[in-house]
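After this come two complexes, each holding chain A, first together with chain B and then together with chain C.
== the complex of A and B ==
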């Protein structure tokens, strides 16, 4: 026989590997399924984590780092709420380092507050748009650090006093841009200034101003950007004060304010002092816990999947020692053996990630329908496929290297 | 064709040092058919492994087809095995999950032949061993003799300069063994150099040349 020169081409053994897998498919199917399930859970988990992170990074509209609040609860018989509030606010606003202070019924992102519905037409038959309500005086815009982007602020004369059990509302309001756009989707938000909206189905309020951004108290609420300011102080025994400080002065002023208020009137208790940062941390605790749990699940699943691949590949190498020795004897280099096992894993992983892509979409549809999550962005799927491919390749590399070290002389020995 | 001079091979464990080959000298010419016999543990298989570049050795020189292969790295040894040497194993060593076509295809893929060239060679070699009609069968669907014929087809498909056979009839009955032996003689007649390790003295007699290995050294019979 004459010697022939070899052709130069790379043979990945696609056909033989596929045919061999089809004849011995249980292990490959199990690993492909494991990869598919892992991908399904990981991609949806990552998506949920990213969404939760986005929620946590949302701008609350207020100065998170330099704001705090507290509650003053009067208990004495002679405790005069309006006078005390006036005295307290005058004192607080005069404190060095305080930018502004207000009395308010609720605090953004605190998970506790008031909500109402606003309508563009009077009458019970019309639909309302849900909104959070912050009762503030003319210092509200400055204390909350929000910007009026259309219209104007409340005038001191606009501020009324709300008593316990009162059901009517002032005739002016300031709303967020998001609320303006929800109420009047067909016109520019700036043109909403001067429009009349209806609260309690029929009570008219004129929109005098639009603020850029302010979030509702409830961080998980779908209408979290819908907020209205109502020009009111409250004549309730419990008064909540919201204080904004110069940068870096918050912690000092928290101690100072508590002491000052407590000493200024002995017919009340000062309680619930908390920074906005701490409040947000508490409100997003569920998000943080979910992120930690999902991250743990993802890491464990990835490790289990990687170990599964290592296990199957190691088992396969041990079972095929003689065959690998024979392949080496027939001319396979160590690189060829490594490539064989890695390509085999790539094919199994490919089946797994393709099935995983389908399952990922199915799980996402279930989550969207069951929990109202947003639909998964398409790019998560190819990224998930790539990650699982890489995990598979990394996991199989060790066993593949072990296979490559099987000596060709094994072909002539009894294993 | 093949020239070993003072080749030494020592297997070491923590406690024992075994001299498998001691000053092993052998020269095999082109077109020869050499039968290697010897008692168990004499070094026959070690010789075959070294001759087939399956194992390295500890001393001496080895020239294969005019090339000194004493110090080649693993990659070059693999390439040389693939291009110049065909192997026939006692246990056939066919890959059970691959059909006959794919089994014969294995060394050709390593060689880098394109698919048309491989197909031609596979069909020719299976035709030569009389199994062209069964190329889609799995090894488990064949008799032992047929499996060894497939192994021979696999060894020949790459048109090697020489064939190394390790007890090629060791797992076959007499009829099958004779049939395989006839095939090897035909292949040798066509010009392929063959070195065959065997326990069977009758089979060895059918080779052109007989050598005897004892205690890691060779003696001509």
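== the complex of A and C ==
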């Protein structure tokens, strides 16, 4: 600590500074408190921003840049869903630039979808693991841009047709690696291939394949990587198509596909066409907004605190003009004067950041309890302390420089 | 005297423009940040139907899985009802008014060549919905009880739907094709946006009102799709739409109007008896647990106010606190700088009370200017919120008169509070010590 070196060649003037501070306790306390609360807000905000950013950076599993989807809703009396879906998919898959297209009941990251529970043992009394369900045909793996890391894909003959209100399920499924590990924590995911899991408490499905990664529709769900694929097309009034294109072709194809589908059948309407990029942007809008708001708050708060320090320091320089002039006349260098104010600020800031460290932890505990945030990583606190020290030093430098420029002759004048 | 103090305050502003400007800016920023978040929280937690929010109740019954509660919360009850229970309870007519309701959608095919078919959202409800929630009508009115029981194809349109299908004219009695069927228009409602949309918070508490209203009983006949949230603990017994409707899946909301505490107690008894009779049929495997929630209780239970909004509000209060600490420090500096002036005033006969009043007026002036500037910043902040969150917050980010008053009061109270200590210090100056230096 610097306080313990008064005997070295540099005189830090700890004694005079402390005595001067004690004469204006309130001013020093106010600055220290401001620094403490500013640090509390900034460190917690930075932590929230980093956490939200991490969420947004997670891999969705699909090709975010080159995928889009839309819904075709039939309304005419003679509208035949399975035939239309077959025609549409044949047409879409043949389009130049389309890598693959599927019909699906839900879209990753879109915030709306189906969930089911899978069990490793049959019976109502056993616990289920929740999972999102995507109903896809044998093109699902390719269209969703996922990789089969164990087992195999669905065969065309596995695909059944789901009707409205249907209760039973196909006898095969593909699940994500995360789902496999949640269902069977004790064995290697690759060995889950061939296992039977139970849906609706008792209906068996055999796991035929494991895919690397695919996110559920709900981005804020804690088990966002619990996903199963079910080999089905759907005979619902509204059919959702998910289309993956070659890089750079998405926007052109979006226009083209909408027009083609709308014109191919006048007994339906096409709605809800959206790219995955836009969908993710919407699903994470709360996160993006929070990040921007917190950043703005942090910047403004730092400026307010810095200006407060500047204001009070300038004032104290003005108050002590005569004393400073006297010191200069008695041989104090400009450097000595600057150091005096810098060190004074350093002492006040030190009290502020120590208090700030305590308050930061308290606020974090409150946020953890009230809003379910994660516990703060320890290293945020020393970094926050260092930043606020620097802010204080930078803010006080201007007024200190001004003080150093006070001419010694001032001492001879009456103010 | 007061005017004189105000004049002195502005003189003092001019003498120390930078310090004064810093203080005004600090207060303005603090007020701007807190008012922005307070406004959003205030509108999110607003009472959507203040004149009868204590007479309207959302019903909850525990129809869930015998092995697992609806969620981890001890007190948890399913947040919706099964179609069967909502229908039975509505038909029992034990409340002053009652309606099962759910959300659906269908395609409207306007007659005439110029307008294309479009998809519309539907609120399925009983006729009591309109009287219970005081829905304003532009033309016509609700369908009657017979339409509910006879499953007549009648429809009430929103103002906007009436504009897009009938050009905004009085369309009562006209024919409209919805979901491939012919419906008769019986009413057109006026603009009706309840905020939050309390009657169905499961499907977005800040969503817009539906575009069509039709009898709930038609859901079964027309096999209308379920647009809202649907949760099941057990799969339907059998295939098809009818089996789905009669399953233990919950997808229906149920509201009743009970005018007084007696009616409320009676209704809860009725509800408990209903569940007991269902238990005899082998349903409701969990312990008897039913609840009536009035509008504000329901908003609270369903956590309508976003957590992010609450968190922002607390952070913005801390922000205001920093700004006030800043102001206290600056005021202290400013008043110390005026020591000799204060000493002079005291010496020529001003009492401490006079000096105190003078400086409180000065801080109040700073507070007021800061408050007004803060209101301007609040408008900027709310614009920012709108551009960050998109359309759905449009109605959540507007300043009303009461919020303006709140802003000015906060600005005034907090600046005066900030000024108390510096003012007290200022009027305790001993005149002699100050005059000596002159």
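The rule is short, and it goes like this: the second predicted complex is superposed on the first by the 401 of 415 C-alpha atoms of A that agree within 3 Å, B and C clash if a C-alpha of one lies under 4 Å from a C-alpha of the other, contacts with A are read in each partner's own complex, and residues count from 1 in each chain.
The rule we apply is simple: a contact is a pair of C-beta atoms (placed from the backbone, for glycine too) under 8 Å apart; a residue touches a chain by one contact, two chains touch by 3 or more.
Here the structure is a predicted model, which means the values were calculated and not measured.
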{"item": "Which of chain B and chain C A:412 touches, first, second, both or neither", "value": "first"}
{"item": "Contacts of A:94 with chain B and chain C, given as first, second, both or neither", "value": "neither"}
{"item": "Touching partner for A:322 - first (chain B), second (chain C), both, neither", "value": "first"}
{"item": "Which of chain B and chain C A:200 touches, first, second, both or neither", "value": "second"}
{"item": "Chain A: partner with more touched residues, chain B or chain C", "value": "C"}
{"item": "Contact set on chain A toward chain C in their complex", "value": "26-27, 30-31, 33-34, 37-38, 40-41, 44-45, 73, 75-77, 124-125, 163-167, 200-201, 236-238, 269, 271, 282, 285-286, 288-290, 292-294, 296-297, 300-301, 304-305, 307-308, 311-312, 315-316, 318-319, 363, 367, 370-372, 415"}
{"item": "Chain C residues within the chain A interface of the complex", "value": "18-19, 22, 25-26, 29, 33, 67, 107, 109, 116-119, 179-180, 223, 225, 234-236, 238-244, 306-308, 310-312, 315-316, 318-319, 321-323, 325-326, 328-330, 332-334, 336-337, 384-385, 388-390, 421, 425, 437"}
{"item": "Residues of chain B touching chain A in the complex", "value": "45, 48-49, 52-55, 74-75, 78-79, 81-83, 87, 89-91, 93, 95-99, 102, 105-107, 109-114, 117, 138, 154, 156, 158-161, 166, 190-192"}
{"item": "Residues of chain A touching chain B in the complex", "value": "1-4, 6-11, 13, 15-16, 19-20, 23-24, 322-323, 326-336, 407-409, 411-414"}
